[in-house]
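We just call them A, B, C and D in the order they show up, numbering each chain from 1.
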Amino acid sequence: MDLFEYQGKECLRRFEVPVPEGRVATTPDEAVAAARGLGGKVVVKAQVQVGGRGKAGGIKPAGSPEEAGDVASRILGMDIKGHTVKRVLVERAGDIRSEYYLAFLVDRSARMFLGLMSAKGGIDIEEVADTDPDAIARVHIDPAIGLSDFHARRLVFGAGIDHQARKGAIALIPPLYRAFVELDASLVEVNPLVLTGDGRVMALDAKVSVDDSAEFRHPSFAELKAAHDIPEQERRAKEKGLNFIKLEGDVGIIGNGAGLVMSTLDVVKAAGGDPANFLDVGGGAGAEVLSNALEVITSDRSVKSVLVNIFGGITRCDLVAEGILSALGRLDMEVPIVVRLDGTNAEQGRKMLADAPHPMLHAAETMLGAAARAVELAHAGGA
Amino acid sequence: MDLFEYQGKECLRRFEVPVPEGRVATTPDEAVAAARGLGGKVVVKAQVQVGGRGKAGGIKPAGSPEEAGDVASRILGMDIKGHTVKRVLVERAGDIRSEYYLAFLVDRSARMFLGLMSAKGGIDIEEVADTDPDAIARVHIDPAIGLSDFHARRLVFGAGIDHQARKGAIALIPPLYRAFVELDASLVEVNPLVLTGDGRVMALDAKVSVDDSAEFRHPSFAELKAAHDIPEQERRAKEKGLNFIKLEGDVGIIGNGAGLVMSTLDVVKAAGGDPANFLDVGGGAGAEVLSNALEVITSDRSVKSVLVNIFGGITRCDLVAEGILSALGRLDMEVPIVVRLDGTNAEQGRKMLADAPHPMLHAAETMLGAAARAVELAHAGGA
Amino acid sequence: MAILVGDDTRLVVQGLTGREGSFHGLRNRDYGTNLVAGVTPGKGGSDVEGVPITDTVAEAVKSTGANTSMVFVPPRFAADAILESHDAGIEVIIAITEGIPAMDMAKVVGYLRRGNGASLIGPNCPGVISPDKANVGIIPGEICRRGPVGLVSRSGTLTYQIVHELTQRGIGQSSCVGIGGDPIPGSDFIDILAKFEADDETELVVLTGEIGGDAEERAAAWARANMTKPVVAYIAGFTAPAGKRMGHAGAIISGSKGTAAAKAEALESAGIRVGRNPSEVAELVAEAL
Amino acid sequence: MAILVGDDTRLVVQGLTGREGSFHGLRNRDYGTNLVAGVTPGKGGSDVEGVPITDTVAEAVKSTGANTSMVFVPPRFAADAILESHDAGIEVIIAITEGIPAMDMAKVVGYLRRGNGASLIGPNCPGVISPDKANVGIIPGEICRRGPVGLVSRSGTLTYQIVHELTQRGIGQSSCVGIGGDPIPGSDFIDILAKFEADDETELVVLTGEIGGDAEERAAAWARANMTKPVVAYIAGFTAPAGKRMGHAGAIISGSKGTAAAKAEALESAGIRVGRNPSEVAELVAEAL
């Protein structure tokens, strides 16, 4: 889960990483109150999870509480690259002498944590990596032994951080690392890290991604998640325990296992079709899960046919068939469903479907055959 | 530094290791007040750092505050194997169903931490190790990765701890380990760990040894140390930065480096003498340190001669000579001093001493020669 | 020979008394795997259909000579279970559990790799099967047959699909290894390719990858430099939209890196033929054998 | 050849700008050691008598090819300094610093030993000298001469005493290694015995131990099984009273274990002659050569 800037900063503040003082506002009035509480000049920042907010007009300074309200009223509701601004962060403004880059992430290849720092902050780090790779200091941190002081020095001296900012930067690294580890983050990225006019070093922006798998030890994740807008269909799917992503096409896809579903999308595309979604019922799905999956997919009017591609392992094909039959009985099914079953209890499952013929139900022998059939039916239905 | 029981328990309590409620008393009146504060039955325990307190009459139950005062008045001032009881710990008494053993220590050979647990608690663990080694469960813990839950299970199941105590024992192990690591302890030993009548598991006694080298990150060590009685001569030596231990003989020993001083003790003994002390001036000792060392040693009336055995490395023999001459000028030296200098600036040092002859000053060429001379002079002086 | 599991496997299941653990553990035994023990703290001394339960893995190793463990405990206990097996001297640890936090795995995987040489497969993986010898995990044994093809895959059901296509064409497998799709797997493609390269029974290797990360790219470079046996590959996710997280934590595309096209190109430029769908993979294998 | 330090040594001193660090670092240079850099964070770009200072060890390695480091920083910074050298790829790390907490060393030593094969000598040690080649540490070079005897010792000044006795008898040394008397040394007797056994220049080894721990007993067992070269030993502390802590943290006797008598017996029963005092050690060496 990617956190909003204000969420990420709240998290970092708990680990004593210096961040500007700020408050979230969802209305212009709240923005006025926030600016009044902070006193002096403020910056009003659109809270959307997309780059280029500043250029799009989503970040504006304000010299007074009233101006903060005006600015907020213009930013709230704005559309930035398809994201509607529902909240702004009102932050105390400070003068900035230099901008740097600092991040911790998990380096999968090295199976270690990676710290990155650059004196070239405030811009896209991938651009820096492409044009001037030596401008980025990198240190690997063995998760077993953790961060030692020298890692911080290697980052700060290696990146050639300004003399005046060194001490503050070296001091900020251990708490940022602690936040990274203790939040179960896959990424904490501070861009820019700034040196202010009065010599302080702080995180002016913060991108924090946390690991959903670690929610069991972070009760606060649920709260953070609540602020995220999830499309209605995905939300309903998630409630039913389904891993669902909406796509643009008209062939609904249901499969078990992310790899098999991705492969199914590929073969549908190769057969000339356009997948309407990605839906992985996961391992060991029972009848109810399958029935729910069909319900979620067919609730989408753009879906013209559905392909159910199951290779049973931990999942039992007889239960899959039961779920399909239950959905057919329960729902007023208007689109054809192509079913391909293999693996654990496949024969039983196929027999159950054959024994209960339904006009919308089409059995297929192979994955490629099933894909071709589903595409053909979608085209026929759309015509 | 070995902590007193009450100190060790206070430390463990900070890490949420369950210990009985208790208070320290230095007078019978304090013991009465402590028992009154605790309410109900108590146990009064002599605070001395020596085994066998119980057998010596240093641990007694008391049914009322008044009885606690009586008992305390008998225990306070008691001599237990040469240790005078200056404090008692007044603890709430509980009924004990079983006694176990649990410890963490540094295993030097394995360069790891070692956890030990046994269902045979309350007795000397070395005796258990000799007579029934299988009764002790052992697990090594890699300091880099730390304690994982399975270590606790291996200890508790491996030791065959009673069923009723398992959960409590497994829960107590992580905080005890945390205490071990975060206190910079070389040993935390809970003997006995007890299962009480009401099903709780707690540390009834605790032996904690902390690493003096880690004092820089533990301001509390100084406080803990203040409770320890150090013989006057050793205390004075320590104040002057000398590593001094009083022994029983009459040949005072000064050397640089623990190994060389131990070797000097050995050769003095081999030459028929009895060392009066161990005194290591450490590495890089200057004139003042040497002068102080001579002062500390000659303040002991039983010393009949002094052997100064210096092999300069980081230590400069010219500064050693300067310190000796300064001591000779400053103090009214009544015992002969045999000096052997080698290594860094040895020639200069020897020349300085030769140029300032003093009736009590004897130069020696070799370590063995110096030892023989010092013993001879001690015998002559003692006669 | 086969790799990782086989006739010498002596299996202990961590979590054998659980619903899933007992179902799959006993299914593995039915397949012919030598299931010697289960571990559930506090249930030592009991049994699951004749399989003795111990309180700790160390005890299972001592009393039954277990050398392989399957981890079937809930995510929050899984890192500890893996460390326990490693500490007890288990040589092959197969972690089926899904949803273990990446922080836990980062710590455990780095530690194990610097350790005593034990192999960790998974987590979040379907396990390992060496047909007719041993099956440790959830791969359906009936779709496999013994033969010369080694399979290694980040995906579970996709592996089954490919095995199925091979078996239908009469092509058997030496071992099928699901390394799992988590960000930090205990073993990666290279670890398993190296084992197949050294395995007598394996003549050809099928590598099944998916979008995200650079494991396939690194495997391609390694195979080019170190493999004498032919490799055929498949990559899932050509049509997956960028920036979407599709099931496996590994399946995220960002920018140009980690796309299926980039991976296929890396493999092909290392001389590895890449099938466009599972059937084509089986056909390429048939041609190459 | 000699061991650990020699003609190929390119030394970086961590803490070269400090009083002790500069005194001994420059003394080592005067002896002929190739001192290529000093590290002091924040002082990068300056120099100490012509020796360039960098902010990090990594930078020193990159710019000067340093392969050996000497740690001369205060105890609270020493564990970090050792880890920094290891991380930068330094092959031989010699930690002179005294008073490093045992917890720090337990973590560092265990980690390094599972790592890239770098040697850590110390902490709380006098360093290593290979006479006429290189001296890294505080051993007075003038008491040594080049020759066939390797020395390894837990004690500093006691080593000097024995070297002195050897040199006075005309017997030179290949390398003298002070492993330090701390509870958890980076290298123990066995590590160094193995290096001497493999070293062309070394014909005989002198092992100097002291009371406390079981390092000498383990070394005796190892030498019996693995050494072809003769070993002569010395143990200090025969007359040390039990339970007293004499300087080195290692020098504590508890019960019957770790006494000088027990150690001498273990060594002698492994065929190693034990001198009763430093002079006798030199005489035994003279006889054995």
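Heads up, the rule we're going with is that a contact is a pair of C-beta atoms (placed from the backbone, for glycine too) under 8 Å apart; a residue touches a chain by one contact, two chains touch by 3 or more.
In this text, all values refer to a predicted model and were calculated from it rather than measured experimentally.
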{"item": "A-C or A-D, whichever has more C-beta pairs in contact", "value": "A-C"}
{"item": "Most distant chain from chain A, judged by the mean position of its C-alpha atoms", "value": "B"}
{"item": "Inter-centroid spacing, chain D versus chain B (mean Cα positions, whole Å)", "value": "27"}
{"item": "CA centroid of chain B to CA centroid of chain C, Å", "value": "54"}
{"item": "Residues of chain D whose C-beta touches two or more other chains", "value": "107, 111, 114"}
{"item": "Multi-partner residues of chain A (each touching 2 or more other chains)", "value": "142, 144-145"}
{"item": "Graph class of chain-chain contacts, one of line, ring, star, complete, other", "value": "complete"}
{"item": "Chain C residues within the chain D interface of the complex", "value": "114-115"}
{"item": "Complex contact set, residues of chain B against chain D", "value": "106, 108-109, 111-113, 126, 142-144, 181, 184, 186, 211, 213-214, 216-217, 243, 245, 247, 255-263, 265-270, 275, 278, 280, 283-284, 311-315, 342-344, 366-368"}
{"item": "Interfacial residue positions of chain D with respect to chain B in the complex", "value": "20, 24, 75-76, 98-103, 106-107, 109-111, 113-114, 126, 138-140, 143, 153-161, 164, 181, 183-184, 208, 210-211, 213-215, 218, 234, 236-241, 244-251, 255, 260, 276-279"}
{"item": "Residue ranges of chain B touching chain A (in the complex, touch as defined)", "value": "144-145"}
{"item": "Contact footprint of chain A on chain D as seen in their complex", "value": "41-42, 44, 55-59, 77, 79-81, 83-84, 87, 107, 111"}
